[in-house]
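Listed next: structures, encoded as structure tokens.
Next, two complexes with chain A in common: one pairs it with chain B, the other with chain C.
What follows is the complex of A and B.
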């Protein structure tokens, strides 16, 4: 047992499989059969995929009785409703995403509509919509659920902790790490020497390296996880990239030195009349443009990557009538194979760019200015 | 844009923020700090070892240069010592020669003076002896002459005979 415990990855995989087996559900879907065959269905499926989900869905199939089965496991729903904190398992929605399955918990009624949880108003028996398909008798609740994305964040956090705390432990006994640590060490050195050090400067890079390392590996691993058939799309969630960008914003705002604020608010070396105009531009740049560029770039690249890969995979369904099953499948395979290779590169690239720009912005804020 | 804002989940934002803060703190404490410290220690160790090797090399060079210069110095000293010794020898020889010459000259001069004075004394002595001997001979001759009267008479006669009485 102790020998197994020393291999944390093995333990994690085993736990994952156990979790999968114990709570595996294969329940039939009511009404809509869930198969994805037409172009509209493909489009809807892709858009549904890039959103967050409340249960961990792996795949679906139609069994011999013609029933649609979904394989995956439910995740806990934690919402802040009008009656306070309410929790229940997402399996209560029975894979319904159209707002028809009503879940009663803690004296309130909830429905799930397009991956969002709505609380039905008092006395409402069923959700009703206006002409733009907005619900009229339900409102959104603050949703702290362990969604698929939160599950992914927890999983990556755990992986990173196991890997890097393990690497840190190795240094206590030896100078050069062995095993997986030998793979991680050059990556840590890469972030320190190629991202943190040149962009922040020799003097102060050390205090920000921890943040940059965390962000780099967090984004990279989640990007890569998004390319697996598990179907995570964590770094393609605006909320996640926004949080990451705001972290960087907070760091460079609070660590910015006198010179940084001076150059932002009262730019030396330019005519006095221009200074207020420059200050407006600089303030907008620091508080809006920089974080916005960070959060949109990561979100858009990863979401677009997911959409492109899934669209190319969908060729096999949508082009079947024109090209035949073999032709459509081959074309889909070749295209999606190469795009996936590019996506592996993009996964690294976006993690690198986010970390690099964060380091650059921090570097600009802590840079020692010469007096003009 | 509306779709994007609609998709933005404040709950996920809060969860991500809380989890990221937790992750950063955990990793900084249990991973990044020890890892970066160990890496820096290791790099410092390597740098120190390299510096030590470099300084050892430099020291070695210094020692070689030192010993070389020492050798050169020793050689030069030997050279100068030998030269000095040679010069000293020559000087001693020259001095000795000169001294000997002087001494010899002095001795010769002394000897000559002694010889001169000895000669003078001997000549004086001979002179005195000759005088004594002459007196003795004369005495003896006279004594002998005077003892023979006839002869004396004859002599007187002869002498008288030579004298012409004018």
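What follows is the complex of A and C.
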């Protein structure tokens, strides 16, 4: 037993697989049953996958009683409603996303509509909509749930802590890492020597290597996690990429030296009349355009990659009538297989580019200017 | 998506395609002339391509 516990990665993986097998939730067969047959349903399904969700959904099938079964595993829902903090498992919604499944908890009633949790007003028995399909008798609640993305972030945080704490411990004992550390060491050196050092400069690169390494591995592992069939799309969430971009913004704003601010607000060496114009452009560039381009690039690349892979998989549904089941399935398999290989490359490239541009921006803020 | 949105998206992609083609082409020429500078040229190429891509994605995202 102790020998097994010494292999935390193995334990985590096993727990994960056990979780996958343990739960199965059934839903009564009313309205939209989750089947994907037409092109519209395929589009809806893909857009649903791109968004964050309150449970992991692996697949659905219809059992011998004609009942629709959804297989996946639930995640905890934590909301701040009118009655205070309320928690329950998302399996109570039975994978319903149309607002029809009502969950009673802590004296209030909740429904889930388009991956958002709504609280029904006092006395309301069922959700009702106005003509634009907005609910009229329910309101949104503050949602602190462990959603799919939050779960992914926690999982990657834990994995990174285990991996890198182990690596650091190995360096203390002897100078050469063993086991998985041998995979990590060249990557760490790569980020330090190829990204941090040339872009930030020999003098101050050590200060920022920690942040760059964290951001690099965080984005890369989450990108790779997004390629597994579990349905993670963490780095394709605007909130996640925005938070990462804001970290970079904070670092280069507060670590910027006198030369950086001088060049931003009162550019030396140009005519005085042009300096205010340049200052406006530079300020907009530093506080809006740089972080915005960082966050949109990562978000759009990863989301677009997911949409392309899922669209190619969906060929087996959309082209079935033209090509037959076998033809459509083989075409979709070949295309999606090779696009997935490209996505593995993109996963690394986007992590590299985010880290590289962060290093570049930090380097611009801390570089020592020659005195003119 | 409406027709103007689609036309705009097409224009963005054409512009980004021309830009990426120029960057890639020049990098290829540079590497052919000076194979020993391949690493540096590739890094610079990827940075410029990423900046261009950020602009194109930003435009696509705002036009959505």
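Here is the rule we use: the second predicted complex is superposed on the first by the 357 of 372 C-alpha atoms of A that agree within 3 Å, B and C clash if a C-alpha of one lies under 4 Å from a C-alpha of the other, contacts with A are read in each partner's own complex, and residues count from 1 in each chain.
Everything below uses one rule, namely that a residue touches a chain if its C-beta (ideal position, glycine included) is under 8 Å from a C-beta of that chain, and two chains touch if they have at least 3 such contacts.
Note that the structure is predicted; figures quoted are calculated from it, not measured.
After overlaying the two complexes on the shared chain, residue contacts for A:147 are found with chain B alone; chain C is out of touch.
After overlaying the two complexes on the shared chain, residue contacts for A:317 are found with neither chain B nor chain C. Among chain B and chain C, the chain that touches a larger number of residues in chain A is B.
In the superposition on chain A, A:111 makes contact with neither chain B nor chain C. Look at A:293: by the touch rule set out above, it reaches chain C but stays clear of chain B.
Of the two partner chains placed by the overlay, neither chain B nor chain C lies in contact with A:103. The contact sets of chain A with chain B and with chain C never meet. Chain A makes touch with chain C in their complex at residues 194, 292-294, 296-297, 299-301, 349, 352-353, 356-357, 360.
Interface residues of chain B, counted against chain A in their complex, comprise 4, 6-17, 19-20, 22-24, 26-28, 30-36, 38-39, 42, 45. Chain C meets chain A in the complex at residues 43, 46-47, 50-51, 53-55, 57-58, 60-61. Against chain B, the residues of chain A that register as touching in their complex are 51-52, 79, 116, 142-145, 147, 149-150, 153-154, 157, 160-161, 164-165, 167-169, 171-172, 175, 185, 188-189, 192, 206, 209-211, 213-214, 218, 237-240, 242-244, 246-247.
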